[in-house]
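Okay, so chain A shows up in both of these, paired with chain B first and chain C after.
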Partner chain A sequence: MKKRSLFSLLVAVALILSAVVPVLAEDVIKIGGIGVLSGDYGKYGLAVREGVDLYIKQINAAGGVLGKQVEVIWEDTQGDPAFAISAYNKLVEQDGVVGIIGGVLSGESKALAEVSAEDGVPQITPSSTAYDVTTDRPNVFRTCFLDPFQGNAIANYMAQQGVKKVAVLYDNATEYSEGLYQAFKAKSDAEGVEIVATEAAPYGERDYKTQLTTIKNAGPEAVFLPYYGADAAMVLAQAKEIGLDVRFFGADGISDIVDLVTDKSLLTSLVYTDHFTTDAQSEKAVAFVKAFEAEYGKLPSISFSATGYDAILVLLSAIEAAGSTDKDDVVAAIKATDVSAVSGNITFDDHNDPIKSAFLLTFDAEGNKQFLDQVDP
Partner chain B sequence: MNKKTKAITLNTLAILGFYTLVSIMILTGTLNNYLSNILITVLITIIMTASLNVTTGLLGQLALGHAGFMAIGAYTSALFTKSMAMDFGWSLPLSLVLGGITTALFGMLIGIPALRLQGDYLAIITLGFGEIIRVVIENLSFTGGAAGLTRITRMTRAFSEDRALSSAIQFTIVFFITALIIASIFTLGRSRHGRAIISIRENAIAAEATGIPTTRYKLLAFTIAAFFAGIAGGLFAHQTSILNAKMFGFNKSIEYLVMVVLGGMGSITGSVVASVVLVSLPELLRGMAEYRLIIYSLLLIMMMLFRPAGLLGTREFSMLAFWERLEAVWHRVFRREAKTQMPFQPRYDVWDEKPVLQTHQLGIAFGGLKAAEKINIELMNDEIVGLIGPNGAGKTTVFNLLTGVYAPTEGQVILMGKQVQGKQTHQITVDGIARTFQNIRLFKSMSALDNIKVAFHSRMRYSPLSAIIRDSKCLSEERGIDIRARELLRVFEMEALADVPAGSLPYGMQRKLEICRALASNPKVLLLDEPAAGMNPSETAELMETIKTIRSQFSVAILLIEHDMRLVMGICERIYVLNYGRIIAHGLPEEIRNNPEVITAYLGQEQAQKEAEHAQGT
Partner chain C sequence: MNLFLNQLINGLHVGSIYALIALGYTMVYGIVKLINFAHGDILMIGAYTAVVTLVSLNWSAPAALLAAILACVLFGVLIERVAYKPLRKSPRISSLITAIGVSMLLQNTALLIFGAQSRPFPTVLHVAPLRFLGLQVSFITVLTVLVSAALMIILQVFVKASKAGKAMRAASEDYNTAQLMGINVNTTITLTFAIGCALAGIGAYLYVMAYPAVSPTMGSLPGLKAFIAAVLGGIGVIPGAMLGGFVMGIAESLTKAYISTTMSDAVVYGILILVLLVKPTGLIGSLSREKV
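Moving on, here comes the complex of A and B:
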């Protein structure tokens, strides 16, 4: 009995020690990667990770940054902002990372911004499109465009295509969907596109026929669908079932729809805005697609791989430019960024948002993404 | 130093020692922000699980919307500190109290309709409530809608420029709030209010019949749980600095429930241990990345397989002892030795001349079926009266009418000159009618002594607040009740069994304990429903003596239902015979024994038919 309690005491002491012993300075630059890597939205985080890891591999092969190798330590948030904060604390306090790539979802990024702003640790999110993630946060940047921008772009494109009557199906309980809807509404009003029906259904509803029937009865020429891929796939299938034969317009969150639809021909009616297209002709983009395919044996079909690649590229270039990992210097260097990245040329405005283009994409009957148009800010 | 003082000293030292150690570790930076943040999460989780344990463990009602309460507290508190241009040192405590109170109000609002239901139904209502809260928050503009609230002042940085110091202050606040809440739940649990709540879990019908206003106590437990959850929410808001309705979804409620079950339903220390384990486990497993969710689930399954009653079952770590010790010191220092009060005074006038209990054309109809009608019964003081009749005659129905379990549809029940029909069971019990049940209804997991103490409930006066702070009023009443309850057990020669759980007593003892408990509510009329059921002849003989003793010692009128004719004929002074819901005969035992109508009723249809033929023939 005594031996046993002594043993458990030793184990406890060992655990505590392993937790509190500070990380010794090594010849490695550590970066923290935080995002949802499991659960319903896990694929977005995993896409980011693939992009980031690819760049790390390339730069380490090319000699690293400031002569040191770079290591990214990933932490899963399960989509919970509270876990994001815990992960941040662990990475910064325990592992001694000098910058953060993340979060993936807007909720995570906001929670992270809340704590990183206090420390001044540079943070770049590759995928949080909500407007106020970077507001009053001098240390927080992003490599994706914003919801108002893509909402505008879609409304504009519709007007160009001669769409007069449009219906909206969105999730009013989700910030992403709600934000896109607001931006789209404002722009479509201005462009003279009439919204004839507005229906709300939460993600994961699975049965959207009631809303789609109401929409069908309103007789629109197109439907704006600010959903994620899984739900959008169900909407498209059910729209066909009830005979709602119109065009659908989505935003970047819908980009993972391809693998989720069995009847790929459904996708030909869909147009959406994306951060990146595998058809992009720039030298960087072509090289990225090629390297990605070589590394993972597939195309970077979710564009967050590209924005993730750009995020780590911006961060590491800034460290190189600053000549140190001092957080204030690095933040200043990021602010002064002007690089040609995979998803376009990146410079930051006063709100720490990149000034970059959006791509309007659609699909062919085999589910391959087709480039339609490029929208510049 | 005796064993008790030793244990108490150890507890005190452990708590203060833990606090000092952790504070120093935070101040020196040994516990960095990451670890201290986990510690805060653990403490907040402890409040959540312990408060959920009040409804789920102590009250025994399954509640699935606890995270909804947390959300109300979190939003209220955060909105308050955000909108008040006040020093954070002031606005934080104010906001926590406000969050707690608002949540308690919501708890009450939900509780009033919901607590009429039990078990699965209550679970579903609370589940629905939790979801409604989430959806409402998502759709209101002042809560930030779907985007949620951001930029809430964080405790880690708000108190001082020095991060370690601010962190240590945060720890101090959260630690002592948690300790205070846990201590409150403990002291409340051991008071008359706690006993009332636990007795509802054990047997709601018996609790009501013992004089516990069950609806009020369910509501109290629910409200207290909501109050504490609201405070936890307020702390959570100022820990994370960002709120989003999705954080308080169904999964969160289930997470807390899992912790309660894992720690042991009804064990507050179990909740504490489970919170510590289940919050730190995912953090410890961080290194295992993809496998950690699997390991976490496997550990949960294994714990449930090997310890199905939870880590601690219903056992507790002795905090109470520590509390009592502090009080003893307090009393010694200030010489405020409270006099033990004995609130056990007979309150009744002498009812020698008139009947103590009288019914007047009492009856009840369930739809078209008249289960009892025109029942006229009179009981004089100190009388032992039998109520007999064949199976299904309506004897227990009469008891249920007398005690208010059923509200009579006609007639009156007059107890000592006052009409009591239509009152609730617990009120009638307090007015002076106590009963036992055909199938024993004891509070099984409570000790024999506590079973008796529950029945003393209505004669104690101290408030829940007194119970929490254990003031002199509470202590002296508790001491008085302890003495009285032990005396009562001594009368029935059960003193040695005082601390044995009622459920593990032998059958005969359980019957006795139930009678004993009924007497503890100081009745003027005692209703015994088949007290000899399942007893052998020698036990029955003993019971007859006991009943006689009760009558003489407690000056109580006894009405008893019994099938054992030896017992009925042996001790009853008068007998009422019931058949098909009506009184068919009434008189002295010998008269009843020879009454032809009674014989017909008992001997059955065949005999009755013969008699009818016989009558036609003549």
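Moving on, here comes the complex of A and C:
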């Protein structure tokens, strides 16, 4: 009891001091940010970082958390799960972070979850959509929807649009693409959408013409393309080259394709599921888009800026609610989260997944995102 | 049948790009017995030059092609002079390791200058696909195959008939004797590098036209495949590089189409091992090979 009152006194003093003097090192709550920040997938991590840093800036300006300023220390994994683990060890052991935002890709998040679950350090991934990232790991959460959900949503939408025959081109070497394919396959079978061709090509292959020729020969009405933007950009260009003129459906990872194609008209045939749309009307979303534009001078074109903003919001709100940075208290507080965030209202289910909507988007001929439909869980 | 032909054409397209790059490997190997591992990165330099001149400087497509070729030649000759020439008398392993070092130097320098994000390559050719016999073939494919074949024939004639070509063959046969006969071997080697790199520049342009993304490590994979094509055809022999490239491309494409999309590399490398077991000098290499 005595200790606690001393603590609250300290907090009060810190609150007053923080307004007038530069923050001392001990008065900082440190959060670790882990994700791919370079390489072909680097833009996803950078998008997350922009969202997180924006929230940190806002909350620090508003007085911080528990009266302390918050600092995020970023580590680049280069997309390699092994680097994610060494980054985690460095952040937790050397820097003394009290929570982790990350990883960005599903592979690195799984590796991270493996080690963070042992320590019980709260971890929130803003973007890893693979189902089993959070399975049996009570300390791991996410602020994005899941692959099974997007796979379902896409298969449903296709069925609604009257698509009867579909082909799949996917990357059987990454968990993200494989997971989406499995979910999509299960749902499309149930919906009576026939998969007439299934072709695979690993990431970075660049030449997809052989697979696309086989697909064209099977005569589908649409192609499901669970790839990231860099690969999808190649696929769309080569599909046009060989005269495969159908609609393409992708998932959230494809959202960065805009900057990777010069002929934006290719994008009009693409439909994909996203976590956030800048057309969203909620008060939080409108304020986020405005603040983001003011800070970075551009729109949040990759939706992981929004889910990243939400991830740090959930983590810091939980620390505030728990009243300490004790990891078990924080994990319990995250579990009890019920906040209206930028990408929707966030509550967590038994599997630590948020229950929230997906947006189906497409592009116009100038490469601007167009809102098509909202899918609720 | 149409499907088969289409896949064959896809294979020819990739294969002819491999072949074009393989020519650079094979010419250099023929004359200085050096496997120039930086050759794939020369391709990357060509691609960046093209994208920078086209997009940032707004040059026309032919001007950008010319710039790409010049940049490749410049870097190729520079690398030869700075990194390889001083090592010409040292053990071969030294120059091999230097070549790997140069490759890393180029990749990481590009990483520093341009960042890791890949840059899209604009569409430079707006030509409708060609249709014949019920097939649809993109113009880029036809162009790539024709350009590579034409360049190989020109190169073959050059090496057989021109004075400089004769000097190259002489130098590759016996370096010291060629010198005694009054051939300027240094100039000849520089010329060989220049020609090989010019071909890589053209290859780079054709490559990014087909796969429109430019990144610092883009040269590694086609470089490796082209090297294998050169070995498969018989390293040191010009038509061998061409043949090796086509065989690799077609084998890749047909494996993907008819066996398994994920097995294509295994099959291609399997073919390489088989060929080398039966004929260690490659498909058309001979023991008393006439190099270059």
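In this section, the second predicted complex is superposed on the first by the 352 of 377 C-alpha atoms of A that agree within 3 Å, B and C clash if a C-alpha of one lies under 4 Å from a C-alpha of the other, contacts with A are read in each partner's own complex, and residues count from 1 in each chain.
Assume contacts are C-beta pairs under 8 Å (C-beta built on N, C-alpha and C of every residue); 3 or more make two chains touch, one makes a residue touch a chain.
Just so it is clear, the model here is predicted, and its values are computed rather than measured.
Colleague: Is this a clash or a fit when chain B and chain C both end up on chain A?
Modeller: Once both complexes are aligned on chain A, chain B and chain C fit side by side.
Colleague: Applying the document's definition of touch, where does A:I242 land relative to chain B and chain C: first, second, both, or neither?
Modeller: So A:I242 only meets chain C here.
Colleague: Applying the touch criterion given at the start, work out whether A:S38 contacts chain B, chain C, both or neither, answering first, second, both or neither.
Modeller: After superposition on chain A, A:S38 lies in contact with both partners, chain B and chain C.
Colleague: With the two complexes superposed on chain A, say which partner A:D80 touches: chain B (first), chain C (second), both, or neither.
Modeller: In the superposition, A:D80 touches chain B alone.
Colleague: Between chain B (first) and chain C (second), which, if any, makes contact with A:D132: first, second, both or neither?
Modeller: In the superposition, A:D132 touches chain B alone.
Colleague: Quick check for you: in the superposed arrangement, does A:H351 touch first (chain B), second (chain C), both or neither?
Modeller: So A:H351 meets neither chain B nor chain C here.
Colleague: Tell me the contact category for A:K327 with respect to chain B and chain C: first, second, both or neither.
Modeller: A:K327: touches no partner chain.
Colleague: Looking at the overlay, what does A:N172 touch: chain B (first), chain C (second), both, or neither?
Modeller: Both chain B and chain C are touched by A:N172.
Colleague: After overlaying the two complexes, what is the shortest C-alpha distance between chain B and chain C, in Å?
Modeller: After superposing on chain A, chain B and chain C come no closer than 6 Å at C-alpha.
Colleague: Touching chain B in one complex and chain C in the other: list those residues of chain A.
Modeller: Common to the two interfaces on chain A: residues 38, 172-173.
Colleague: So in the complex, which bits of chain A are touching chain B?
Modeller: 15, 19-20, 38, 74-76, 80-82, 85-86, 89-90, 92-94, 106-107, 110-111, 114-115, 118, 130, 132, 172-175, 177-179
Colleague: Flag every residue of chain C that touches chain A in the complex, lowest number first.
Modeller: That would be residues 2-3, 6-7, 10-11, 13-14, 115-118, 120-123, 129, 136, 138, 140-141, 210-213, 215, 221, 252-253, 256-257, 261-262 of chain C.
Colleague: Show which residues of chain A lie in contact with chain C when the two form their complex.
Modeller: So the residues of chain A touching chain C come out as 38-40, 42-43, 172-173, 199-202, 204, 206-207, 209-211, 213-214, 217, 230, 233-234, 237-238, 241-243, 259-263.
Colleague: State the interface residues of chain B toward chain A in the complex, per the touch definition above.
Modeller: Checking each residue of chain B against chain A gives 30-35, 37-38, 41, 135, 138-139, 145-148, 150-151, 154, 157, 240-242, 244-247, 283-284, 286, 289-290, 293.
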